[in-house]
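Structure provided below as structure tokens; questions to follow.
Note that the chains are named A, B, C, D and E in the order they appear, and that numbering of residues resets to 1 at the start of each chain.
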Amino acid sequence: MKNNLDKISRDGKIMLLAYDQGFEHGPTDFDDRSVDPEFVLNLTKSGLFTGVILQEGIAEKYYNKNKEYKKTPLIVKLNGKTAFQKGRDPVSLQLCTVERAVELGALGIGYTIYVGSEYEEEMMVEFAQIEDEAHKAGLIVIAWMYPRGKKVKGKEESRDVVAYAARLGLELNADLVKIPYTGSEESFSWVIRSAGRTGVLAQGGKKKEEEELEKEIKGIMKAGAKGIAIGRNIWQAKNPEEVSKRVEKLVFKD
Amino acid sequence: MKNNLDKISRDGKIMLLAYDQGFEHGPTDFDDRSVDPEFVLNLTKSGLFTGVILQEGIAEKYYNKNKEYKKTPLIVKLNGKTAFQKGRDPVSLQLCTVERAVELGALGIGYTIYVGSEYEEEMMVEFAQIEDEAHKAGLIVIAWMYPRGKKVKGKEESRDVVAYAARLGLELNADLVKIPYTGSEESFSWVIRSAGRTGVLAQGGKKKEEEELEKEIKGIMKAGAKGIAIGRNIWQAKNPEEVSKRVEKLVFKD
Amino acid sequence: MKNNLDKISRDGKIMLLAYDQGFEHGPTDFDDRSVDPEFVLNLTKSGLFTGVILQEGIAEKYYNKNKEYKKTPLIVKLNGKTAFQKGRDPVSLQLCTVERAVELGALGIGYTIYVGSEYEEEMMVEFAQIEDEAHKAGLIVIAWMYPRGKKVKGKEESRDVVAYAARLGLELNADLVKIPYTGSEESFSWVIRSAGRTGVLAQGGKKKEEEELEKEIKGIMKAGAKGIAIGRNIWQAKNPEEVSKRVEKLVFKD
Amino acid sequence: MKNNLDKISRDGKIMLLAYDQGFEHGPTDFDDRSVDPEFVLNLTKSGLFTGVILQEGIAEKYYNKNKEYKKTPLIVKLNGKTAFQKGRDPVSLQLCTVERAVELGALGIGYTIYVGSEYEEEMMVEFAQIEDEAHKAGLIVIAWMYPRGKKVKGKEESRDVVAYAARLGLELNADLVKIPYTGSEESFSWVIRSAGRTGVLAQGGKKKEEEELEKEIKGIMKAGAKGIAIGRNIWQAKNPEEVSKRVEKLVFKD
Amino acid sequence: MKNNLDKISRDGKIMLLAYDQGFEHGPTDFDDRSVDPEFVLNLTKSGLFTGVILQEGIAEKYYNKNKEYKKTPLIVKLNGKTAFQKGRDPVSLQLCTVERAVELGALGIGYTIYVGSEYEEEMMVEFAQIEDEAHKAGLIVIAWMYPRGKKVKGKEESRDVVAYAARLGLELNADLVKIPYTGSEESFSWVIRSAGRTGVLAQGGKKKEEEELEKEIKGIMKAGAKGIAIGRNIWQAKNPEEVSKRVEKLVFKD
């Protein structure tokens, strides 16, 4: 495991570029530039990102067709759901096999568990099977542990709920969990301790003011996180390269 | 993939004859002529269509028994549902295997995902498995991405909903998506950009006045679509051969 | 396929004796004679029936133990449901494998799809798998296409509903469909055209007055049906042999 | 099959000792003696019972550890449900495989289908698969056909309902059905005729007055049953050995 | 089996340290010390515990990385659910395979069945499959038989309910059941008799006053239990080592 994590780390830290929002939110997240996977994948040429997160289709039809893109390690997201089902407790199921992820050249896989959803058990069962398969194939296993659904309504970013989500990632043998930031270094530090030897990545979330983003990343990293996964705050920015650089400094500074 | 698409393209464009309405709508779509699969399959002898879409039974009992028919490439539709369940969110499941499609001589397969239906996840999961299998077998994978169900009621042909549906096709690694036309070249152009390297086919839909149909196809092709799939507008016409020719000119003109 | 159908045809026509009512309706359909499978199977010794329809148990414990019975081809009904669940939309699932049917010496298999039931998709999916298996094993595939359930309430024998049911049989690659008679030669003729190269068998249904039965069979055969499947009208009759003969003349006359 | 039945018959009759009530009803059925499987299994040493019915655990941990016990043939009950779910339509699913039953030295297997329950189809499907497997392994297949659930409320022991249940056992290819007694020789005789070549065992049911029990067994055997399965009336009795003898005489007298 | 149990027994008694609460309750059960799996696993170095219960992740990332920890036998808990779904009848499903448990070096596996839950049948079916697999692999099978859900509300620790739960463990061929204490030696003695040759472990439950805990363990062991599984009462204590010793004396005294 340790060795694997190194493949998507630099100085022990991780900074992933996420671009599966076309699946989860739809093209309303995009503008004329970011709708094009090439625009976003070209951002990885900066060499700042230690990995890029894609669904199978874009991995196959873009990432895999371009040597330059393949310099940045690939994380294939294995499940997904659309934004159409808002109002219902979310469920997201496997859409890409571990075998396919390997064929696509992935070093890791991602899978979302909506903790608190009435379907959480179903997703945990599926994740548990994928985790086995992926580890056997030598892949890094990243669990998107997202509190969501009626049972955690309004508490999606609260300390105890996120700490529980993170802990589940450890108990389920994820190598990394991707979770929401709880808003303060102190609370996030407890979350990270709850995850134990499972590393913590904070999700970037919605586009934020630069100052807010900077403050957030500082808190995340000070709390002891392994790194971040960031998407909209990069490719929705007017100057994605500059933002990438500033974020990179915050993540990798010692 | 590229090579595969060529097999059902002419000058890079695609014009498919659809004849699975007996399954989806029932014989009320037919008259004394069109109820007979031979009548419809004979229309492919014009050589104008770059492919024909059939369910397994008609592929086996008609297409496969006639050398003339086999000159036009076969797309086997792998799932289907009846019109009896109107009023419920639609679900359509696999009724024919990829293996059978290969035996029937198909060059491609089709599968409908009702985007927005409460069963969309179930269909995406099934599609994802079929997509793998079909690509391994060297087949073209066409996703019918149809917005349908309570969550998208009244927005089945709106720009953002159809663009989302098209994007899902790309993320799911479909080679082509078959989607409704959004009504204007401008909006459909955004849909096509959302689909990226996944080609877009507009569905023909209900029988229309000739002028309306012509306008629609012009808009579709100008927006940058790969082509169309057309059924009722051909075989419900008084003079299917003439309509085929006129449509063909609109699709393939440059 | 053609060759297969010949095995249960005489002069191109089919007359099947159905005796699975013990499963579908229970012994209330029987009297002191017909409760005994031997009584009913002895009726096949007349040589008038081109096949007999049984569930696995009676095929195993009676048909298969008697050389005389085995002269009449066997159709094994693979699914079934009881009459206890009246009031709910019907669902009938696989209870006997194709492999077992072959072991029992069957030449064909039957499977009911309740068209219009909220479970129709589930049955179509199961039928589709059985159809593949059965065809690979060289068996004739007969789809009982019975309109039933809330969506078709009161229209179980109407022209358009039955034509749709018959068409689904063709699209699903059934060799024969067993469907209710629509009441007139004209309407049933459209049903038969909708089924195309899939042959049509009319179901016998409840015990009728002789005159009515005769009229019905005439209409069915004139409309172009391949034949009938008949049960209660034979073995509930006082004189089953005589009725068998009369029915046989109506089916096979030219 | 015939040969198999002989293995659990004496003079063509069957008398089974049932001891799976710990699963179906819980220890409230037991007293200080009968709570101990050894007490009950020791009753088989009389040699009066032609078989004993156990769930996997007691078969493994008691029956299988004692040569004396193994002189009485073993029937392993493959499914089971608890009494906690009263008020809901019952469902009982497979908890022990046919392979395990064979390893345990069983000559037969039992499976309950709650006829009339809204889950009856699910149980029939599972039974059908088990029946195949068990017959291939050379085991006797006994179907507990118990009318139960909203649809048969108050009619659990009525002639037509029980006859239907018995008939389903035949249609499903059970070798024996275990069913409730309908209360009179006449009605039970019709039930037995409905089961045809599938033998009928009457269930013992709740503890009864000796006289009532005697009358019942007489009626059951006169009606033509193959035998009985009896539990509480034996091991809840003050003097189980004596009751065993009296019952045995009623079952085997001629 | 006997031999297997010996591997986690000392003088025929069992004392297991449970540390899967991070999964079942979340980090709210923990303080700054106990949130760290190392703190808890270090407690096993006393040599007092005859086994430790962990979920896969902690077994893999902690237990398996430290030779000292591996001196205490490992029980891997194979299913789990979160505390988020309170208010619904509980369901807990398989998250780790038997194969993985073997790879992790486990001598036994644990699986919870919520007896009385509307999902109890589903869990019993899954347990039954795991039990087979685990026994084939030579592992000890421990069934957490926890009364829970609407049907047993308020009776989770009552004599008859717990005795039924324990009996189910025997019928299902568990080697040990882990169940709640019923509060008195007398009632628990009946529970233990109901479990027959399946050994009984009492669960520790919530943190209690020392005196209460002591009284409870005395009652449990006097009633004839095989031992206990204890977690919070150990690692939530101020002085876990001392409590371990006191508990050990109560369990192993003779």
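The rule is short, and it goes like this: a contact is a pair of C-beta atoms (placed from the backbone, for glycine too) under 8 Å apart; a residue touches a chain by one contact, two chains touch by 3 or more.
Small disclaimer: the values here were computed from a predicted structure and weren't measured.
Q: Which chains lie in contact with each of chain B and chain E?
A: Expected: A.
Q: Distance between chain C and chain E based on Cα centroids, please, to the nearest Å.
A: Whole-Å distance between the two chain centres: 56.
Q: Between chain B and chain C, what's the gap in Å when you average each chain's C-alpha atoms?
A: Distance between chain centres, rounded to whole Å: 35 Å.
Q: Two-or-more-chain contact residues of chain E, please, as numbers and ranges.
A: Not one residue of chain E touches more than one other chain, so the list is empty.
Q: Among line, ring, star, complete and other, which one matches the pattern of chain touches?
A: Topology of touching chains reads as a ring, each chain with two neighbours.
Q: Touching chain C in the complex: which residues of chain D?
A: Residues of chain D touching chain C: 1, 115-116, 118, 120-121, 124-125, 128, 132, 151-152, 160, 163-164, 167-174, 190, 193-194, 196-198.
Q: Along chain D, where are the residues that touch chain E in the complex?
A: Touching chain E: residues 20, 22-23, 26-28, 30, 32, 35-37, 55-58, 60-62, 80-86, 88, 91-97, 100 of chain D.
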